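Should a chain be cited, it is by its letter among A, B and C, assigned in written order, with residues numbered from 1 in that chain.
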Amino acid sequence: MENKFLIKKSALRKVKTGKGVTIIQPSNLYECRLGNNCFVGPFTEIQKGVVIGDNCRIQSHSFICELVTIGNNCFIGHGVMFINDTFSDGKPSAGNQSKWKKTIIGNNVSVGSNATILPVNICDNVVIGAGAVVTKNINRKGVYAGNPAKRLPQKSK
Amino acid sequence: MENKFLIKKSALRKVKTGKGVTIIQPSNLYECRLGNNCFVGPFTEIQKGVVIGDNCRIQSHSFICELVTIGNNCFIGHGVMFINDTFSDGKPSAGNQSKWKKTIIGNNVSVGSNATILPVNICDNVVIGAGAVVTKNINRKGVYAGNPAKRLPQKSK
Amino acid sequence: MENKFLIKKSALRKVKTGKGVTIIQPSNLYECRLGNNCFVGPFTEIQKGVVIGDNCRIQSHSFICELVTIGNNCFIGHGVMFINDTFSDGKPSAGNQSKWKKTIIGNNVSVGSNATILPVNICDNVVIGAGAVVTKNINRKGVYAGNPAKRLPQKSK
């Protein structure tokens, strides 16, 4: 074996933002858009083509892949992983991006830490519990938790 | 859109420690206390006010938020996420820290990798399985696993 | 309390690779081997003695511990954590590595993001779903998901 390999460095590259945005390094953001007043924590990666609205927090250790769109006033907790490739042929699509799928997150959506989001649509005003694995579209506001994530009964106050 | 944003760097800021402590960078620790002989792996964040006892290992990729206290001889695995905000009003408490809740971890507690710890109390001599989501207080020693985490039957030897 | 502690930096140290390997920094790889045409994302740790075959992707935020061997054409998603210490005595084995256990991953295995892999054997041609917790050996090709991970019924096409 040899000992030569290519080393690249995480960077902020071609990131477009609105006003009042803070990004903590090290993080790896490229060719993505963040709205006004967003915060991005350390140890995050946000890939090409991702669009995030205003007043969002993307917390540390999160990964947001290509084909994800996030609305306004959203909170993405720590260690949240988004997914665009569901290995639908029993293996990664690799270069074949026609097999990747979109995720669209509405407004006022809060995703708990360590949650995993398969390629789905999530409507406005949804809470995803910490550690949840979201495998299906969510079309009704409420709180969803578990693996796979299910809607929790509403608490009376 | 503009292209100006504020960049801050992860750092070790106002970290108080006992003797024999090692911290691997990059990591983001601020205004927290670590006891003697602790180890903190890379890609970790430990926030303001966190207190960790002696002889603890905080492994890589873990996030320990404000209002967490950890006893002595504890092992926090890789990718473990602590939580102080349960979105009890259906959204993040944001600036309203009066809604954040404490987590208190006893002595000799071992938390498996990728576990998620909601704001709870965990007594001494507990093992949390890898990938578990702890949603309730744990008052009895033993092994807890699953999402949500439940006590496993004790193995006879 | 004092304020002195030892700071070490993540690095690429004694990494042996085949041809066409790319590694994104910051990452922490030491005394491990990667085959030809591998890619390793940022915020990863790969420990001593790990052997990875040809044409593998190790995505961002993943942690691969000592005693893990991975075959050819494998995809390890984002935030995947491997484990070698099952706390079999109710606590970490600490220095006692005789209690650590091996993980052997075959060829053409794809592990979804945020999955957790206890020390097991996984045969060729397996897909592990995102967020799954694999607690037992997998000897039959197919798709496994959930916590604990179970084999999903095969989809007819």
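Just so it is clear, contacts are C-beta pairs under 8 Å (C-beta built on N, C-alpha and C of every residue); 3 or more make two chains touch, one makes a residue touch a chain.
What you see is a predicted model, and the numbers here were worked out from it, not measured in a lab.
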- request: Please state whether the interface between chain A and chain B is built from the same residues or different ones, using more than half shared residue numbers as the mark of same.
  value: different
Query: Any idea what the CA-fit rotation angle from chain B to chain C is, to the nearest 5 degrees?
result: 120
- prompt: How many angstrom between the C-alpha centroids of chain B and chain A?
  reply: 22
- prompt: Counting only residues that touch at least 2 other chains, which ones in chain A make the list?
  reply: 26, 43, 61, 79, 114, 147
Statement: Per the touch rule above, chain A residues touching chain B in the complex are 12, 15-19, 21-26, 33-34, 41-43, 57, 60-61, 75, 77-79, 108, 110, 112-114, 125, 127, 129-131, 143, 146-147
- prompt: Which part of chain B faces chain A closely enough to touch in the complex?
  reply: 1-10, 26, 28, 43, 45, 61, 63, 79, 81, 83, 87, 90-92, 114, 116, 118, 133, 147-148
